[in-house]
Amino acid sequence: MSAAYVTRREHFSAAHRLHNPAWDEGKNERVFDKCNNAAGHGHNYILDVTVAGQIDPDTGYVIDVKLLSRIIHERVLDKVDHKHLNVDVDFMRGLNPTVENIAVGIWNELQPHIPAGKLYRIVLHETEKNSVEYMGE
Amino acid sequence: MSAAYVTRREHFSAAHRLHNPAWDEGKNERVFDKCNNAAGHGHNYILDVTVAGQIDPDTGYVIDVKLLSRIIHERVLDKVDHKHLNVDVDFMRGLNPTVENIAVGIWNELQPHIPAGKLYRIVLHETEKNSVEYMGE
Amino acid sequence: MSAAYVTRREHFSAAHRLHNPAWDEGKNERVFDKCNNAAGHGHNYILDVTVAGQIDPDTGYVIDVKLLSRIIHERVLDKVDHKHLNVDVDFMRGLNPTVENIAVGIWNELQPHIPAGKLYRIVLHETEKNSVEYMGE
Amino acid sequence: MSAAYVTRREHFSAAHRLHNPAWDEGKNERVFDKCNNAAGHGHNYILDVTVAGQIDPDTGYVIDVKLLSRIIHERVLDKVDHKHLNVDVDFMRGLNPTVENIAVGIWNELQPHIPAGKLYRIVLHETEKNSVEYMGE
Amino acid sequence: MSAAYVTRREHFSAAHRLHNPAWDEGKNERVFDKCNNAAGHGHNYILDVTVAGQIDPDTGYVIDVKLLSRIIHERVLDKVDHKHLNVDVDFMRGLNPTVENIAVGIWNELQPHIPAGKLYRIVLHETEKNSVEYMGE
Amino acid sequence: MSAAYVTRREHFSAAHRLHNPAWDEGKNERVFDKCNNAAGHGHNYILDVTVAGQIDPDTGYVIDVKLLSRIIHERVLDKVDHKHLNVDVDFMRGLNPTVENIAVGIWNELQPHIPAGKLYRIVLHETEKNSVEYMGE
């Protein structure tokens, strides 16, 4: 048997605002610059979820990507797609929605629910230029 | 002399909410669905601006794309990038920020300020799946 | 009111074989080369469907892209996605499934069912290198 | 001397059908769904082959990518491009052509023939959404 | 019979320098800025060549894209790929190698040699942000 | 606290020529082939710079990507963008500008100047087909 890493790519569109409520307005503006705009802005996020495991000799799958896609939809996309990350998303409550913090939040939502193999890596792209990789540690 | 069509691609990230204030909540939800989320959502927009004209024999340019980029920044990107299109943008005031209406708004902002050739086409991509083309008529 | 061109991008994966039954094997091989492989080969097709029309002042839409997507699924994708184009697809019966002929077939499937604006253009990408544009004439 | 990882990207187009001959039709349909279509379907596969090694001080290369490309063509692409993976490909005989199994098959074809450095990683993209990474263990 | 527009995409990598020998150094620097760097710089150009014509009922082709690719290689790519456009390319002699002028040069090289349909459009991408479209008039 | 890997993507366009001055012309041509063209050729390089570190609980950042971008511009892009890598770039002096050697050079320029976290990985894409990954060892 061989181990392989299977990746499913999904998309979501969301608004957010970078802001630390412990700081005054001036510091928020200096640190977060245009990402601090009061009414928020938004992105088309690209989410790559990688599951590592043995290839099942009966199916040839590490994990059925149709099933993986359904789990990502139920656990993550239904909560974040076409939402405002500072307002509408329970698992981001009290967190500044930087791409780092969103990736950690998504990992925590998905990790207990992977039914075959184990969650290995999340890559979250906020724009064509900015992305973050998180491996759960 | 030959005519050519020069395109400059730019990017901006913005939040928006699709909503018609003349309708009640139920109708807004039925028509605009998840795009009607009260707190908004957002996108990485890709904007392609095409200028048509003769190639200048001295420069080999229809228009200097560095100049075209500067005009797009001053007239459009500085107003929409990292903004909420329903709240922060003067030229979208009173308009539902569909990709169609944003494209028309951008055309109207740019058209009087093209210094060489003439504005020929705008393509605005809202997601990898949805885009609109507008040619000013 | 302003006219605009709205494009929806969809994807499908299909097998096909280029073959003219009126020709002998030798001529089929000479003309279609590796695309004539008896058991077929396949592609991830990218389909761009463009609808032209006036922007509705109540919605800001030329056509609701959610509706356009549903029509493309019902009329085209449900028939071609994960299918063999020479064997499984009624509207390709008796036609050599070149990218040109598939585009014409898709146009004919969609054209009577566009509920707002009118079908303006189809672009069908067979690979990153080969595509065809068809405008119904 | 420094170690680096050099990647060559290649493309191939192939048909396949997911099917386990030890199962009846009903189970094949339930498990593999539309990927079980009897006449097959197909994809444009993207293949990334990574070789790890020291940078040769005379050439500045870990491996000449022109040579790496030639090896990938001779050992893999000539066998799979414009073919049906269930029918035409010797190294997939008796294997269900999931993206996982194809990646392992390609690794085994390439691994003995890398002339400089050593084969480090294969990434095989079946669609824009589904891919697999294999590192030979 | 139906008319369609078939596009073949090809790639080449070349060096160039924007410079007008009729101007002094200061003006060249002011107008062409960093594109005027004396030793040149370079790009991965993407070339889209579109041929318009009737679909041949025997082949299902407007033009065989394998043949179109061969013509683009012989007439254009063999002359410009891995070359310096100011120094090595006969059809650019005496022309400032802006993306506009290169597109016109490529059109003139290809136009007499299209064996089926007729050359309709060239799109030449110099970077992800800058491109030009030329239709021969 | 959680560790994450933040990546910033940047672009530059440069000319280069592969050449080993210790070899005669014949050997240079045999080894480097069309990359040895005397006047050089060029590419649009894509540079991915990854910084690893703990997520700062006050900002939600591993590193501010605006700051990371500024460092990449000052230390690398200002030296290589729109330049000839064999002629204009101090940190490539005496090195054959293969994608491997450029990646090592960029690493050495950036590594001492990363103000938060530490430089983890550089990926440098020379074309859509050829890239190199370097992790500093």
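Every chain is named by a letter (A, B, C, D, E and F) in the order it is written, and numbering of its residues begins at 1.
To be clear about the criterion, a residue touches a chain if its C-beta (ideal position, glycine included) is under 8 Å from a C-beta of that chain, and two chains touch if they have at least 3 such contacts.
From a predicted model like this one, the values you see are computed outputs, not experimental measurements.
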Which listed pair, E-F, A-B or B-C, duplicates the contacts of C-E in over half of its pairs: B-C
Chain C against chain B, contact positions shared by both copies (same if over half, else different): different
Whole-Å gap separating chain A and chain E, where each centre is the average of the chain's CA atoms: 41
Separation of mean Cα positions, chain F and chain A [Å, integer]: 28
Separation of chain A from chain C, taking each centre as the mean of its C-alpha atoms, in whole Å: 33
Junction residues of chain D - those touching two or more other chains: 128
Graph class of chain-chain contacts, one of line, ring, star, complete, other: other
Residues on chain F engaged by chain A in the complex (per definition of touch): 2-10, 50, 55, 58-62, 64-66, 69
Contacting residues of chain F [partner chain E, same complex]: 11, 13-16, 34-35, 37, 39-44, 81-84, 86-88, 127-128
Chain B contact footprint on chain E (complex, rising order): 18, 20, 22, 31, 33, 95-101, 103-104, 128-134, 137
